[in-house]
Amino acid sequence: MVALIVIFISGLLSLFLAFAKKPWLVLLTASAGLIAGGISLFTQFYYQYDFIHYEGLKFDGFAVAFGLIAILFTLLVVLTGYSSFKDKPQHTGDYIALLLFSLTGALCMLSFTDMFMFFLGLEILSIPIYVMAGSNKDDVRSSEASLKYFMTGAFATGVLLFGIAWIYGGTASFKLDEITAFIYNAEGTHSSLIYIGLLMILSAFLFKVGAAPFHFWSPDVYDGSPHIVTGFMAAVVKLGAFGAFMKIFSVTFAGLHDFWAPALSVLAILTMFVGNLSALKQIRFKRLLAYSSITHVGYALLTIIVQSPDSAFNLWAYIFSYGFSTIGLITVAIIIHDEEDRIEAFRGLVRRNPFTGFVAILGLLSLAGVPPLMGFFGKFLVFSEAITQYPWLVAIAIINSGIGIFYYLRMVILVLQKEDDDKPKTPRHKVPVLQMIVLAICALALLFGGNMLIF
Amino acid sequence: MILASIFESGVSIQFYIVLSTILFAIGVLGVLIRKNAIIVLMCVEIMLNAVNLLMVAFSTYFGNGDAQVFVFFIMVVAAAEATIGLSILVLLYRNNRSVDIGLFNKLKG
Amino acid sequence: MSVQQLVPLILLFPLIGGIINGIFGKKLPKALVGSLATLASTLSFATALMVFFQLNEPVKIHLFRMIDLEDLRLSASLLADNLSLWMVLIITGIGSLIHLFSMGYMKHDAGYSKFFTYLNLFIFAMLILVLGSNYFMLFFGWEGVGICSYFLIGFHYSDAEKGMLNGIAARKAFIMNRIGDLGLLIGLFLILSQFGTLEYQELANIVTVDKILGTPWMMFGITMCLFIGATGKSAQIPLFTWLPDAMAGPTPVSALIHAATMVTAGIFLVVRSNFFFEHAPMTQEIMLYIGLATSLVAAFIAMRQNDIKKVLAYSTVSQLGLLFVALGMGAYTAAIFHVTTHAFFKALLFLGSGSVIHAMSDEQDIRKMGGLRKKIPLTHLTFLIGTLAITGFPLLSGFFSKDEIVGHAFSHNVVIYGILMFSILLTAIYMFRMYFVVFFGTFRGTHEQEHHVHEGPASMTLPLVILAILSVFGGLLNLPGIWLKGQAHWLSHHLEHNTGGLNLIEAEHADNGITLMLMIIAVAVCLGALVVCYLVYGKKQNVPVEDAELSGWQKISANKLYIDEIYNFLFVRPTEWLSVVGHKFIEIMFLNGIILGFAKGIGASGELVKKWQTGRVNWYILWMVGGIVGLIVYYLVKI
Amino acid sequence: MELLIIPSLFALAALVIPRNFMRYFGLAGGVTSAVVAIVHAVYYAPTTKYVSLFDPNWTSTFGLSYKMGYDGISLIMVVLTNVITLLILLSNFNKELASNKMFTAMVFFMQVALLGVFTSMDGLLFYIFWEITLIPVFLIALWFGAPGRKQALIKFFIYTFVGSLAMLLALMAIKTGICGNLPAASFAVEDLMAVQLSACSACWIFGGFLFAFAVKIPLFPFHTWQPDTYTNSPMAGTMLLSALMLKMALYGMIRWMIPLAPESLESYKLPIIILGTIGVVYAAILAIKQNDIKRTFAFASISHVGLIAAGIVLLNVDSTMGVFVQMINHSLVAVGLFLAVDIIESRTGIRNMSELGGIAKQAPKFAFWFGVVALASISVPLTSGFIGEFLLVRGVYSYNWIIGLVIGSTLVYGAVYTLRAYQLSMYGPSKNFNFPDLTWNEWLVFFILMVLIVILGVYPQLVIDFVQPSVTRLFENIHSSKILVQ
Amino acid sequence: MSSLEIIATVLGGLTIGSALMVVLSPHPVRSVLYLILTFFLISGNYILMNAQFIAVVNIIVYAGAIMVLFLFVLMLLNLSKDNEPKSSIKMKIAATFAGGALLTVLIAALKDSVILPKTEMLENQQGMVENLGQLLFTKYVLPFEMSSILFIAAMVGAVLLAKREKQIIE
């Protein structure tokens, strides 16, 4: 709770400090706020002071673990985005504040105990992102992304609320523990209201995490949004959504697991295939990343489908590894700074900027799941847990990993290749210090984080 | 006060369930069928109102005020969403001179 | 020094010679290289002689264990007994002479040192073949001589015109040998699976003493496989076509490898494995008929060959056929006897032809020779002796050795005897034909060649003379019983005893009366052929016509019965066709096609899925609605 | 542990060493690690059960036990790896490539990964190292390969990667115990072996491993990546692929596939042997009419390894010894042949055999050494190739004589295509290109190869004594820890 | 059929009709007006269900604020003309089908759902301002406060998006 307040206040502060026209001040405030938030979250976890229970929010181990990486990712995104925020000094504060507000939403999503906070958290998470997606106002694509995200998002909100209403109708409660208890007590004799509500909420979650057939917004929005926002969406928003997803489905609706798991499995498979297949022929980088993220959602869904004590950790590990790869790649894309965001712009990167290229390769291979990078361990944890219950699902996921390697490898080769001789040589990209730091963190995490995960 | 409870007088909760379902479906239909972004937003509002209606119906039926508070929050969010939505539309209109969502298909594939 | 120490020395000398020449040969003077190689071979021969006189009983020398596994124990060890030592003597003796000859013959060749390296290594490999105490060692030598033979056939690989052809001939030889080797290898496996060992002595004990035999079929399989190996190395039908082609190598090589030693390895193998063959009458029969056929076919082909070395090559094949006939009848010592004399006179003939070729400045076509009698008298004389010996001229070595085989054949089956005699007649005819065409008549070569014709240096003539002497008196080794009763069949007796516990089981000798009769027939055949050939080629000086003008059987003979073409059609072309078609259709189109098809299919479905992403937001929402409807339908179905 | 650390340090140091010293540095690294491996081998007593390199004696929550160590089987592969790496570095010594820091680093990196594969005593660790090996070899091929390499490399990478995923699936399946009686305590090899599998699941697990290994070996229908990749890789890449990477799969079959799921060996035995046989004959026939000399030897490689794979599944000590001898021989021969091809290609720019010829006259030394290697390739006695093929063909033969006969035809076919390639390029009159003879480093490589080939060919017992106790023990373990379902 | 039932039915029918008109009316302004009507009718329903506070808020917030905003934007952007581009016929069919399907399956799923028994509380005062105020400021004070973040974000966002960009400062 303290963390939430600290972060919110640092957001507010950066909003106001922006008037000072000193972007670094904003950055400092935001970073300080994030770090302070992270520390307070951690101390709370570490000293276990009672996991302070507020009406509606509960910072338990789950929330703290997920919250910490959410804060970490936000910090990385802010750091990496700082150089592009600087281009519009009058808006630096707004952008950073919106990201921080969104983060508070994410924290709510991770710690809610009733539907009120869940719903509000979701909206706090989403609304700044609707705005941020369109923050590149000169760019039609950005606006279009914003519109699409908003339209589909609003629709999904409607669906979610409808679902909540049904659940309320079925259980007469908004509190998760009461709903859980209700479902367990009345096992087998549930009203259809609960089922329909569950399916509606499921749909909304699938929308939020970007699973087929609710995924259509995500390539367009990832593609159109500014890089930073894409990174933030891929790392933090997805994390928040998955956290809530797991909270609700692995705990609250656990009693109905037999009902929703098969449906979710099928959708997970669909998601993997759709993501992978669509990614094959992409020529724009963020779009590729979007489809790849859809695929990864498919894999991550396995943690929710599988009910085991380790699911939460596996999900955490998966998102952890995925987030670093994505943020690393987004940072690289920002460094390359191609107007049209073509994949082609990555050509020969490793020769121009060896370290940047190296991180790009690490990120791509990690996404592909090549050991010993962190992505492999994330996947490995998920799959090896799932294989005990759904071997066929894991087999399909593995096939998809195989398909996925096609486009990651294509990009890796691109990064490694020489530039065409007939075209003018791209000059060496300048890498600001902050981005260098982010890249270094990502590289370290990707290389050595994997071992940590399975420790 | 005036009316003890509507559900005491023979109107079943099913009636409101069906009513709000129909309203929701109409909202969905509108979202799908209209191309003017503003109208689409309005249809989303219809969906939200369907939810509100349902919530209130359950609230009354259960004699529990929580759902009405929830409806209150839904309205709050709806207002915020409408603000954002409309500003996005303004933004779009400035660039495109139109709010026809059919025109926004640069991003695809 | 004891036998134990001497026997490895026999092997060591040529090996050391080969290694020294191989490494330093280029830098040493030619004379030294040649002498070194010759010395190595001669030393080997001397050592072998020492062993020969010391040897009282078979000696097995264990060198080191090679493969020591659960049910496979193979060691590198040597077995010195009368049989192997006899072969060693032939190999090193003839080998030394040929080394000597080569010193002169190869003088102007660029690859002088290389040549002697190969020769020494060949001697080494051949010695391993005969001295090894088990089939595994035999196989080592067996393949080793094949390799040396390969390199020596293709020795002039960089020749502008014939370089590639030499290479192809070498390859053909090697591959045909390989086919035989495969048979031999399978034979080894069979022996292993049946008897669990490859040591001659142990096997002989098991088979002859313990009488533990496999099923008849097993014995047939073993012996048949061994025989297939022998057909490869000893150029029998169907694997004989490589030998005439192998004449692409330098002439001393033909003399050493393709006449005197390597090709007799097959004979040696069968003789060594006599205890198996005795229990496989069917194989013996097959061997007999194949030998007979080979002898006849080769003789037939030789009738119309005009390359001096080709004639000799076919004659070798024919003689080898004869040897297999002998083996098929169980006349092992007769076979070894003939191997010995054949080594003498065939080496002599080849070296003689080498001398002729040398004199003629590398001309090999007998139609372009003629009248060489006067120009190179020593060569002529020795060549004549060789010819007479091979045709079975009375009292020369070939006369006796052939006669023994013929005698066995007569007592075995008269029909076979008849066919054999026919083959001998053919041999006499084509040998005399060649002799007369080359040495009689007028000189038909170019003027330049005529100017150059000269006798070789002493290093070349000396071996000729020695071999001629051996060819004349070689028969003394194993005189038939009608002469010198006490000393008769010396070689047979020598070989029958003391052969590593596997005493040769020899078929009965024909009695004296019949022997005499057969001798008379043989003499008649030989002399008849001599007279006819003299009349046709010597006196009338007929020159063989061009191949194109031939017809009937002559054409077939000149074209080698079209066997190469048939093989080409049956084996080579289909394989090449398979290779090309397999690569194009199976590899590229089918297997690769499947993989690419997968990739393409995935790519195409990717395109398809991409189309789903229309870019229109209400379609997106429509799909979301579709998803919700689907989920609810799932609920309706499920509950 | 120094086995792995030394090459790792060299790999890292290669990134900072100046170009001028790079080639000497590379050589020094190669020699050092080879010496270290040989010292290990010298101090290794074949009867020792197991030498641990790294064992924290602790298992991560996830079952990764980090166990590394070697017995005879592993150690022979370690020595092979280090020696071959040294030879690869040596054979590149006079090339521009050798002074490239990425190249040198990648070779060492590859060495580390390979050593990891061979010394992992933990399934997951094995898999991780197994996959890591892909990266350096891929990079070497990508950066320094032929112009048209991209497609071939993509195919190679994806094909082998997908194959390995099947192995991962199998490993996970054993560990989590979904198909056995219990989940394994960890991925350590003995824990995995302790899992009793049902017949059906053993079949799947075996299949998963088999697919991974079959692609890497490559066995017959899974080989299509190989000729393209070999021809498009630079010499070092081809050597790494054929001399070492392929051995990982063969090693994996002995160490992992069969011990973990011996229950279904019986049902897979015949198919694998038949596939191996088809591969032997098929690749040999295809090699006969290839015009590209490198491609010929690529097919030759397929042909040779088919026999090895068949020998492995026979699961008797004798043929397993043949497998080891033949694996070593294949590595040596592959290095020699591909070095020869590269010498030809780099000096003439031609790989097309019909345009080559007459090299022997210009470069007699080269012709000699190439000849030696070619002979070893066609398994002439006195070379290690003969011993290997003898043992293997015998093993197959005693399993089934018809298959033995067919697979034995490799003796004949091998001679056909190898000699063809050799003669077409070497024999004949000199063509109009200048062909300098061997440089000292190339000569040295060939010399070392020949020494090793001949030593093994004459005294294979050297290897056999080294490996046999471990193999026997492994087989005993297989038989004792599992109830073999016939 | 009691009078309440009749009222409820009529109100419900009117609501549906009005909502349908929103969707079907081709003219945007008319859609807005129908929507306002819909809101009023829904508020009527709230009153029927004794939720006066919500009913009032609904009218104030929705019909009053939000809809005026909509109308305002509509006018501002000069979209009041009857120039809305028509959806393709394919889309229309698909949309109708989808909407119909959604309705059908929902009704099918819900038609005989078991509803929890209603409480016996006859004096239903839940919808009163007082009660809701109690709830809002005690039990649900955290969400209430959290919604401030939402509003700040929305506010900043709206400004950020809708503000016409000045020429870049310096």
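All chains are identified by letter, namely A, B, C, D and E, in their written order; residue positions are counted from 1 within each chain.
Everything below uses one rule, namely that a contact is a pair of C-beta atoms (placed from the backbone, for glycine too) under 8 Å apart; a residue touches a chain by one contact, two chains touch by 3 or more.
Bear in mind the structure is a predicted one, so any value in this text is a computation, not a measurement.
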Shared interface partners, meaning chains that touch chain A and chain B: C, E
From chain D, the most remote chain by mean C-alpha position: E
By mean Cα position, the chain sitting nearest the middle: D
Leading chain pair when contacts are tallied as C-beta pairs: B-E
Distance-maximising chain from chain A - centres being C-alpha averages: C
Between chain D and chain E, centroid-to-centroid distance (C-alpha), Å: 70
Rounded Å distance, chain C centre to chain D centre (Cα mean): 37
Chain centre separation (chain B, chain E; CA means) in Å: 4
Chain B and chain C, separation of their C-alpha mean positions in angstrom: 98
Shared interface positions of chain C, touching two or more other chains: 599, 610, 613, 615, 617-619, 621-622, 625-626, 628, 632, 635
Sites on chain B at which at least two other chains make contact: 13, 17, 24, 27-28, 31-33, 35, 40-41, 62, 64, 66, 69, 73, 77, 80-81, 84, 87-89, 91, 101-102, 104, 106-109
Residues of chain A touching at least two other chains: 116, 120, 123, 127, 130-131, 134, 137, 146-148, 151, 155, 159, 169, 172, 192, 195-196, 219-220, 406
Every chain pair in contact, whichever chains are involved: A-B, A-C, A-D, A-E, B-C, B-E, C-D, C-E
List of chain D residues in touch with chain C within their complex: 155, 159, 221, 223-225, 282, 285-290, 316-318, 321, 357-358, 360-361, 371, 375, 380-382, 386-387, 390-391, 393-394, 397-398, 401, 404-405, 408-409, 411-412, 415-416, 419-420, 423, 426-430, 458-461, 464-465, 468
Interfacial residue positions of chain A with respect to chain B in the complex: 115-116, 119-120, 123, 127, 130-131, 134, 137, 140-141, 143-148, 150-151, 154-155, 157-159, 161-162, 164-166, 168-169, 172-174, 219-220, 223-224, 282, 287
List of chain A residues in touch with chain D within their complex: 365, 370-372, 376, 380-381, 383-385, 387-388, 391, 394-395, 398-399, 401-402, 405-406, 409-410, 413, 416-417, 454-455
Chain B residues within the chain C interface of the complex: 28, 31-33, 35, 40, 101-102, 104-109
Residue numbers on chain A that touch chain C, as the complex places them: 147-148, 151-152, 155-156, 159, 192, 195-196, 199-200, 202-203, 206-207, 212-214, 216-217, 219-220, 259, 262-263, 267, 273-274, 276-281, 403, 406
